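Chain IDs A, B, C and D follow the sequence of writing; residue 1 opens each chain.
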Amino acid sequence: MSEQSSHKTWRTKLHEIIYEADTPAGKLFDIILLIAILASILLVMLESIASFDEKYHTILNISEWVITILFSIEYIVRIISVNKPLKYILSFYGIIDLLSTIPKYISLFLAGTHALVALRALRLLRVFRILKLARYLGASNQLANAIKASRAKIAVFLFAVLIAAVIFGTIMYLVEGEEHGFSNIPKSVYWCIVTLTTVGFGDIAPETPLGQFIATLIMILGYGIIAVPTGIVSAEYTKASGDKEGKYSDEEHEHIKDLQLNTQCCVNCLAETHQDGAEFCHKCGCKLHHD
Amino acid sequence: MSEQSSHKTWRTKLHEIIYEADTPAGKLFDIILLIAILASILLVMLESIASFDEKYHTILNISEWVITILFSIEYIVRIISVNKPLKYILSFYGIIDLLSTIPKYISLFLAGTHALVALRALRLLRVFRILKLARYLGASNQLANAIKASRAKIAVFLFAVLIAAVIFGTIMYLVEGEEHGFSNIPKSVYWCIVTLTTVGFGDIAPETPLGQFIATLIMILGYGIIAVPTGIVSAEYTKASGDKEGKYSDEEHEHIKDLQLNTQCCVNCLAETHQDGAEFCHKCGCKLHHD
Amino acid sequence: MSEQSSHKTWRTKLHEIIYEADTPAGKLFDIILLIAILASILLVMLESIASFDEKYHTILNISEWVITILFSIEYIVRIISVNKPLKYILSFYGIIDLLSTIPKYISLFLAGTHALVALRALRLLRVFRILKLARYLGASNQLANAIKASRAKIAVFLFAVLIAAVIFGTIMYLVEGEEHGFSNIPKSVYWCIVTLTTVGFGDIAPETPLGQFIATLIMILGYGIIAVPTGIVSAEYTKASGDKEGKYSDEEHEHIKDLQLNTQCCVNCLAETHQDGAEFCHKCGCKLHHD
Amino acid sequence: MSEQSSHKTWRTKLHEIIYEADTPAGKLFDIILLIAILASILLVMLESIASFDEKYHTILNISEWVITILFSIEYIVRIISVNKPLKYILSFYGIIDLLSTIPKYISLFLAGTHALVALRALRLLRVFRILKLARYLGASNQLANAIKASRAKIAVFLFAVLIAAVIFGTIMYLVEGEEHGFSNIPKSVYWCIVTLTTVGFGDIAPETPLGQFIATLIMILGYGIIAVPTGIVSAEYTKASGDKEGKYSDEEHEHIKDLQLNTQCCVNCLAETHQDGAEFCHKCGCKLHHD
C-alpha cells in the first residue's frame, strides 16, 4: 500500500503474522494455531479415557509435550514482537496463553503417585487453552450488544429465580424430608433449580402427593418465567438491529463493516479496531504497518 | 440542602437511616442488613445439613439467636421511627419482618421432642427473611410492566395448559395404569405437567407403545406451546420499551430516572417515589427531610 | 331496557339464565355450574386413588350420581329452551354435555367385575366435562389470532421435527441397539422426540460413545430449533397487537370491547357476538331479549 | 393456455406428471408417491419390532420389495423424462431417490447371517426415503429466510455453548470423578450439553455438594442462554415479515404468491420458481409446457 512496507523490521513482520490476519502468512499462522489448539483439547480428552490412556500413554504424552513446547515458543514470540510486553502479559489473552502452557511444566516437578490429585487441578487449567478459540470467533457485535443491554435485567431476573429457588427448596425440604432424597436445604435448592430450569434430572424426585403438587407449581412457574429472559433478549435484539439500521447512514454502515473486517493491531499498545486507511494508532499515535 | 436539616430530631434521623439509602449512614445500614439476611439464610441452610449441625450445633444456635435479636431490634426501631406505626406493621414488609423473627422465639416454648415436626413448619417461615432482599433489587419497572401487561393472557394460557394436563393425565392413567407408575389420576396429571413443561424427571415414564405414542403427542404439544408465553412476554416487552421511548420527551425521561434513584420515604405515611426537589409528601402533605 | 321484557315467556327466561351471563340469575347459574364441573373432576380424581376409594366409596358414588343427575337436568333444560334443539345437540358443546353424563348411566348396565376395564374408558369420556370450562375462559382473541396466524408455519416446522426424529431415531437404533433400550425404531423415535423437545426422561439413554455423540447433536439441534416456533409466535403476536392498534380508531376499539363483554345468545340459532344495542339476531333475524 | 400443448410428446407429459403438480394427473401422482413413502417408513418401523417381524416376516418382505421396485421404476422414469439426466442424478433429490432404493438390492448379495450388522447400516440409508417428503412441504420462504439470516449468529452462539460445555465438562470430571459416572472428559462434556440444553436425562447426575453447585451454575447459564437463539430468530423473523410487507407493493405481493403456487419445472435444466405466464425457462431459455 505504501513504501514503508519494504523496510519493515523482523519484529514488525512477526507482529503482523502473529497478531493480525490480513496477510497470507498471518492467515496461515492463525489456521495452524487453531488446529493446534483443537488437537490439544482432543489430547486432554483422549487422555481422560482410561482404556485409551493405557494403550497409547507414550504417544499421548509426547504429543502433549510437542504442543506445550509449540505454545511456549508462541508465547515467547508474542512477548518479543510487542513494544510493551507487560501489556500483553497482563492482558486477558496473555494470562490464558500462559495458563495453557505452565501446568504441563509444573507436572514435571510434582510428578509421582501422590501428585495425582494435584495433577487433576492442573489439567483443569490446561483446558483454558480453549478460550484462545474465542479470539477467532470474530465480532458478532450486534448479538453482544443485545446481551450487554439486557445483562442488568437478566441479573435482576436470575436473582428473583434464586430467591424463589431458596423459598421453594426449603418448603420441599420440609414437605419431602430426608427419606425421599431431599436430605438438606442446599440439596433441596439444587433440586428446585433443576426443576425451575426444566432440566429435571430425576436423581431426586418428590414422592409425597403434597410434594408432587408443589413440584407442579414450581414447574408451571419455571415454564412461565422461561419466557422472561427470552422476551428481554428478543426485544433488546430487535431494538439493537433496528437502531443500527436507523441511526447510521449507508456510508457509516459501510465504515462499520470495514472496522469489523480489519484485524490490524498496534505494535505498541495492542489496540484493535483501526480504520481501514489509518496510518497511526488511534490510541497511542504509534505508526501502523501496511503492505 | 436547606437549614431545617440542623434541627432534625433523633427519630427523623433514624427514619432516614433505616428507610432511605441517600445518606452514607443509610447506605451503610442497608448493606449491613443485606449481609445479615444472607448470613441468616446461610445459617438455616447449614443447620439443615445433619453432619454439619451435629458438629457445630452450639455455634449455629448462638449465631441464629444473635441474628434473631438484631432483626427484632431492627423491627422495633422501624416501628418507633414512623409516625403511623400501624401502617408499617400491616404493610407487606412489616409482616415479613415480623415473620422472620417470631419463629425463633416460638421455638423456645414449643421445644421438646414432640415439637420437632412443628418446628419444621416454623423454619419454613424463617425463610421469608429472604423476601427482604426483594427490597434491594430496585425498580426494574419496564420488566415488571411487561409481565403485568401479559399477566392475564398468561393466566388464560396456563389454565388451558392445566385443562390439557388433566385430560391427557386421565388418558395416560387409563392407558398405562397402576403397574407402570401411573397409580392414580392426580399422579398422572403430575406426570403430564412434568412432560408438558419439558422438565421430564423420569421417575414415572410410559412403558406401553400406546402410552409412549401419547407421550410423544404431549411433548410435541408442550414444545409447541412453550412458544406462546414467550411470544406474549416478548411482544409486550417490545411494546413497553417502545412506548416508553415514544411517549416521554428527553426532559421527562430524565425525571423518571431521578424518581427511580431517589429513595426518600415519608415519615408519616411511608409513601415512596417522591420527586427529587420535593419538600412535602405527595400523598399526605407531611414535610420531607433533606440534608 | 324496553317494554317487551315484561311479557317474556318462561322459555325465554330459561334461555337467558342458561345461555347468557348478563343477568344476575345468569351469572349465578354459570358460577354454580363452574363449581359443579370442578367438583366432578375432583371426584373422578379422588376415586382413582385406591386407598381413598376404599374408604369413601359410597360417598363418592352418591356424590357422582348427584352431579350426573344435575348435569342431565341441565342438558334437558338446554334442549328445551332453544328453538332449534337439534342445532344445540349437534354443536360442539352439545356433544360434550352429553358425553359428560351418559358414561355414568352406561356403567349401570355394564356393571360387574368384568366391566372394570370398560369402565376405565367410560371414565375417560367423563373428563370431557372439563371442556365446559373453556366456555368460561372468555375471548382472548389477540392470542388466538397470533396462534392461528402462525398455525401453518408451526405445522411445517413440527413436520420437519418429526422427519428429523424419524431419521435420528433410526440412526440411534442402529448405533445403540436393543441391549441399551433402543429395542425398535418406534421406541427410538420416541426417545428422539423426548430428547429434541428437551424433556429428557432418562428411561432410555445412550450408553455407547458414538450414541452419546449423536445424542449431543440431537440436543444441540433441539436447542437451536426451540427458537423457531417461539420466534414465529412472538413475531405474529407483535404484528397482531400492532395491527389492532393501527387499524382501528378509538371508537371502533370500544365497540370491539363491547362485543367481547356481551354474552347475548340468539334463542333461535344460538349465534353469539351480537352488538350491544342490537334488537335482532344478525344471523337469523330472530328477536333478541333485553332487560 | 396456448396451442403447443396439443402436440406434446409423451416425455413432456411424463415430466409434467412426475415433476409438476399443476395438472390433475400430476397431483394424483404426488399424492400416491407420498402415501408410498409413508408406507415404506411404516414398514421399516414395523420390521424393527422383533415380535412383529417374527409373525409377519414374509408379508413385510414382499411389501418392501413391491415398494422398492415401484421406487426403482419411478427413479428410471425420472431420468428418462428430463433432457439432462445427469443433472437430475447428481442433484440432491436424485441422490436421495437412488439411496432409497439400492440398499434393498444390495441386501440380496450380502444376505446371510454374517451380513446382519452390515444390513443395519443399509437400513439406515433406506430411511433417507423420508427426505422425499421435504419436497412436498412447499415453500415457507419467510421462515427459511429468518433461519438463513440468523444462521451465522446461531453458529457463533452454538460454538460458544460448545466451548462452555468443554470447560464445564472438564471441571465436572475433576470434581465428580469416575466414581459418580463422570468417567472421562468426553462423557463429562456429553453430560454438560445434556444439562445446558435443559434435556437432563439423569443417567449421570452430580452427587458431591460442589458438583451440584457447579451443576446449578451450568443450569442457570443454560436457562439464561436459551434466550439468545430464540431472541435472534424472533427478531430476524419480525424483520423478515416487516421487510416483506414494507418493500413490496400489493401488485408485487400477489406476484410473489403466484411464484410460490406455481410448480412448473424446466424439462431441460430442472429450474423451478418460474413466473406464472412465462413461456421460456428463465435459466436456460428452453420452452416451458402449458395446458
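To be clear about the criterion, a residue touches a chain if its C-beta (ideal position, glycine included) is under 8 Å from a C-beta of that chain, and two chains touch if they have at least 3 such contacts.
The shown structure was predicted, so the numbers you read here are calculated from the model rather than taken from an experiment.
J.: Going only through chains that touch each other, what is the minimum step count from chain A to chain D?
T.: The least step count works out to 1.
J.: Between copies chain B and chain C, are the contact residues mostly the same numbers or mostly different, with half as the line?
T.: At the contact between chain B and chain C, which are copies of one sequence, the residues are largely different (under half shared).
J.: Quick one: which chain's Cα centre is the longest way from chain D's?
T.: Most distant chain from chain D: B.
J.: Calculate how many whole Å lie between the centre of chain A and the centre of chain C, each centre taken as the average of the chain's C-alpha atoms.
T.: Centre-to-centre distance between chain A and chain C: 47 Å.
J.: Please compute the C-alpha centroid of chain C, do the same for chain D, then give the distance between them in whole Å.
T.: 33
J.: Any chance you could list the residues of chain A touching two or more other chains?
T.: 186, 189, 198-202, 226, 230-232, 234-235, 238, in rising order.
J.: Which residues of chain B touch chain C in their complex?
T.: Touching chain C from chain B are residues 152-153, 156-157, 159-160, 163, 166-167, 170-171, 173-174, 178, 183-186, 188-189, 195, 198-202, 205, 207, 209, 212-213, 215-216, 219-220, 222-224, 226-228, 230-232, 234-235, 238-239.
J.: Under the touch definition given earlier, write down the residues of chain A that touch chain C in their complex.
T.: Touching chain C from chain A are residues 198-202, 230-231, 234.
J.: Which residues, counting only chain A, touch chain D once they are in their complex?
T.: Listed in rising order, the residues of chain A that touch chain D are 41, 44-45, 48-50, 120-121, 123-124, 127-128, 130-131, 133-134, 137-138, 140, 142-143, 146-147, 154, 158, 161, 186-187, 189-190, 193-194, 196-203, 226, 229-230, 232-238, 241.
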